[in-house]
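Look for chain A in each of the two complexes below; its partner is chain B in the first and chain C in the second.
Let's turn to the complex of A and B:
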């Protein structure tokens, strides 16, 4: 089921198995038949740890989503709530418990907090008078969830907002705890590097926890050589840019959630021979995306421009494999062919799916001579667009560019900003986008990007953008704009000196000759722009940060190095030519393009370092900005 | 570095900002097609085995992988014949499980008392027993217990000094859960009532971490009043102002909302926001008037515009540009009376243009761009570029001669000619090629127009004209 987790440099299946064992233990503690009531948000991440079959083995007979009112009837002995520690959920649980039918045979209540129990929540249950009704109040420590053979995420949606806007560092505490768990399983990590305030804080907590647990050292040979902690606010630029890898684009356009993507079904409709036009499926097609699928593992990190060639190459190989049947003459040969059929068919399905996805993406990204029919829209799912469209017959100014043109123009402006062209003036493209009421998040991404690339905007420019945004999208967005300013994504230029060009040049963030087909540098993931975060990682491995002291000082927060003592006898003896293993932890989120860049570095022949990636949340520019928007009331209609 | 060449074309061709595009020489689309074809041909061959095709993940047609948790919730919740669908498992000891010997919690068991970890028994203990039980714990011990998820009575920490010691200890532990719990559970709500806010905020100000956690907690809880008071006493007036402004979102009634916004105007906003809040109030005030008026008119059913374009939604709480558009649909030239003057010329023009074009009032469209110079000549001028005007007109199905008029006004000759071709303004294309003395292009274009049409004839006449010195 999760074999792909063990193929990487570090066997992350150990972590998953540990988490499953915990789950079984908890379930067995509640003897007898059970029903689980789920906080819906948790079902996604939980799906990566355990499938229903595991729960069923432990007498889970029913599952419900958490809702107010009375719990559905179910002849079970135990009711278990699986919830995040959120106060509003406690109120719902209390309602459930209170309205339980007293006439029926009593059911036992249990509550399992994920990832940690919370005193406030328990207090809330106590206030509602239901805490006493619970036989078990427990926590299920699920800090780091393995997403792939080299990828761990906490899937903590609000982490960036909490750390950098609200200044609540609870998620950092969980991060430190998660890293302690990881060290318990994979051994102490001897070297810790970091950049940024949050990184410093996490490192301090880790060192302190280690002191407190001194004497309980786990006797595990260290798997990781180095831990690198990076604050997201050290590199605010990268997530704002449109990702141009295959996986990154899937995420930008359709959104990947807990390893699944939902796609428009049209291109996946299958016609069988001899059948007439079948009804097109109307529900979105849901696909799981991870390295368990051979083809996906091969193409996900490629620049999208190289995906077509890879797919057609694959198609030829598969066709040839199927053609082999003509050559199979002897019984033995035929038998061998047949034995390979299941694998070949899986490969064919996989190829068909990805060809369809690539077509979907291409409709949006490629610039064609004849504009294609209007695509449902790159950002249609986003907020606010609908509010405006609803009013007055139809939309005010109909979008008069096709999706692919919009994509192209948007990218051009992004690249201008990243190369430092005209970042100090009002940009006419942004102006036009506002005028035609493009989705607000798109506008905010671009304006923030301009601000970051110019080390803040001039008063006049900032005022102009703000006014245009408020007038077009509504004054209530004063709140969102303020949030962006507080996190530094949008700011007023205070000094006349813009240090972004220096950073760009020193770290070689812009590469003129990015090779998309056969990349020789990480900049291929953004067709020219090398993500700052990954460049820092790369430079740390070779030649070391000492070479870029000046630039490090320009980026926010301290940079540091710590060492952790290893118990005697656990020092790793490196074989000649053996790669080092570095865990890179992105505090506040990481994008798929950054992950692709790190995978690229892992695979470089003379790289010398392999990377495992961990983060608080997998993000893209849209989900990131959205998390910073002030939660607005539902539109009145 | 890159703008050394003034020529725009040169810039794009040699640009270092290569945009994301597919190389013409290697057509990606065709390779996708190729793989699609290959896939399809294979499909024909294996069509019989097609039934069992999602080998890797089984997916029910609703899209959920079968066996996933989300899928199972639906399945188990919706199944009516529960007893049959899920065989009862005996509640005896479960099968021996295999797997890794590790367990996350066991790793840390050594550090906590194993038997108490999973329960909260203290909560159900009689009150008397409870008291002795906790009375002599130091702040440090208390925090440690809390970190282990055990409930502690914090009532023993009575004096301000004791409380602050406890708070400092919690902050030291870095555990946000404990910090917030200490902040809320013990002090603040009770404390607020008894003691002066200033004393408290002075204490808290030097405890930044605790303060931030507490503020976040109050936000989450929607403790508006408390938060406003706290911000005020901390001197964080801008935060306070924004917080109060935010409240307007929860007021549904538009008149009360308007009044509330009015009361917000005087709040100590950051300088540039103050103006926006004032504008917000003015806008809503006017929207209320417009709405009442138009509802009335619409009900009477005498206004032409509402018959043609019935109002689909209320104008209340719409952005100002949307309001402007709405107004332009009806009273194009009374706008300055009804809306604040902060809208930029471009925004105004685009909005008015879209509205008038939608109503097919082409004369009005003309007047938007007409300016008179001091000699009395009229001239058309636009701050947004006539190519965009043309696009908008085209989207609104403007007639050919209107389109032609505006295509003519486009300045950039390349853009002009491509627009003219796109919108079939033949005369413009023909005249431009003639002016450029571009015989080849003209011949090519002749192939695109209908045979025997006036355009065809016109081109033929020009080609036959011996006076012209063609450049090719």
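Let's turn to the complex of A and C:
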């Protein structure tokens, strides 16, 4: 069921099992039949820990989502609320409980806070006069959720916003707690490295917690050799760029949620004879994506340009395998063939699925034609001529450019910024996009990217962009712009020196000759740009951070190194040729492309280090910027 | 925070006065850009109100860009022109706007003129 978790170097299934055990214990505390009322946000992460079947074994008969008003009818003895500690949710629960008390025979209420109980919430329940109705008020500690064989996430959406915008360190506390749980299961991690303010806080908290537990040392042989804590604001650039790995693109275009992706159904329609076009499914197709699927594990981290080749190779292998049946002569051979059938069938379905997904993505990304670079002055004069032409082609509806062209133009501009071309001027492409009222997030991503690559924008340029955005998208976005400035994504150039080029050169962030088919460097994940965060990780392993001291000073926040004493006798004796294992923790989110780059490093033959990745949230540029936006609901006039 | 409060106000007059306080606050905080942007928003709201009263079209609360678009599709070129000058909209964006709006309306004659 969760086999993909134990494939990796570190068996993350242990963590999952521990989480399941806690859940079972809680469920058994409430004897008799139960109904669970879910905070909707939690169902996704919980699905990764326990399927419905497990809940059913413990007499869970009904499940509802939490909403105001009355609970749906259910003949159960216990009602359990699974919620995040949020005040607004408490009000809903109170409403539920009160209406329930009036209506039916008394039953037992329980509440389970995930990941921590909060005094504030209990106080709120008390105010509403319902706290006494609960028999059990408990917490379920779910910090790090295993996503894949080498990937852990806390799935706390607001972590970046809380840490860097609101100065709220709750999620850092959860991080430290989560890491302590991890150390209890996998042994103390001897070496801790870190870069950034938040990393420093987490490390301090961990060391303090360790002192508090000084009495009870865990007697587990350490699995991880090193822990690296990285602040997201050390590398703001990477998430802004469009990811170009297969998995990254799926996430950019369709969004991956808790390991599932929803896709438009047209391409997946089963073609049956005699069936009309009418019966096309209208529900989006939901697919689970993880390394348990052999094919997906193989192609997820490839640059998208190399996926096609991999798919067709696979197709050949599968059809060859099916051809084998003609060669099977003896009964034994036939039996062997039949025994492989289910596996082959599964492989064929997965191939079909991924070919469809790849087609969908290709529609959006393929380079149909490369637009010639236009001189801005020329552009305006050309505009007048092209108007007539354009108008003949389109009847009336925007967008004027096809999706693939827009994608390619966008990429070109991103790459110009990353290589440092004209980052100090107002960019004409961004201007055009604003004029055509492209999605605001796309604009913000580009503007922020320009700001980061230029170490801030000049007053004139910055004000121009801000004015354009406010005039086009509405004054209410002034708060969002303010947030972006506060987190440093958008800033005013204060010193005349732009240190991004220095950073880029020293860390080799831009590789001209990125090889997309057979990569030899991590820069393949962005077709040229090597993610700064991953480069730092790579350099830490070899030759060490001392060699890049100068650059580290240019990046925000302190860098540090700590050692944790191991109890005697637990020092690992390294065998010849055995790799080191490093846990990289991204505070504030990580992208799929960065994960791909780290997996690539793990696989490098002479790398000597294997990586396990943990984060507060899996992000992409869009979800990230969205978490920083302030939406104001407008009342009708 | 006055800006947030202003959006919870359904009535125009209260909103304008709240925004005015926001301007004062921004000025105190020496955030010139935000102060100016807020003043412009107030002016825009007043303008939209005038248009609504005169033409009976609902434009209140839209962004400047949307307001312009709305005016152009309605054929209110004079008002649009005035807004464009008052708020110093960059030429390029205004052209784009005019183009899309006119094309949507399929008002080829006006396009020729322009």
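FYI, the second predicted complex is superposed on the first by the 594 of 637 C-alpha atoms of A that agree within 3 Å, B and C clash if a C-alpha of one lies under 4 Å from a C-alpha of the other, contacts with A are read in each partner's own complex, and residues count from 1 in each chain.
Following the convention adopted for this analysis, contacts are C-beta pairs under 8 Å (C-beta built on N, C-alpha and C of every residue); 3 or more make two chains touch, one makes a residue touch a chain.
Fair warning: this is a prediction, and the values are worked out from it, not measured in the lab.
Residue contacts after overlaying the shared chain place A:479 against chain B and chain C alike. Look at A:128: by the touch rule set out above, it reaches neither chain B nor chain C.
By the touch criterion stated above, A:288 is placed in contact with chain B alone, chain C being left untouched.
By the touch criterion defined above, A:210 lies against neither chain B nor chain C after alignment on the C-alpha atoms of chain A.
Contacts of A:626 after superposition on the shared chain: neither chain B nor chain C is touched. For chain A, the partner with contacts to more residues, out of chain B and chain C, is B. By the touch criterion defined above, A:471 lies against chain B and chain C together after alignment on the C-alpha atoms of chain A. When both complexes are overlaid on chain A, the residue A:84 reaches neither chain B nor chain C. Residues 387, 391, 396-398, 431-432, 435-437, 463, 466-468, 470-476, 478-479, 482, 632-633, 636-637 of chain A contact both chain B in one complex and chain C in the other. On the chain C side of its complex with chain A, the touching residues are 3-4, 7-10, 12, 33-34, 37-38, 40-41, 44, 58, 60-66, 87, 89-90, 92-93, 95-97, 99-100, 103-104, 106, 111.
Only residues 380, 383, 387, 391, 394, 396-398, 431-432, 434-437, 463, 466-468, 470-476, 478-479, 482, 632-637 of chain A touch chain C when the two sit together in their complex.
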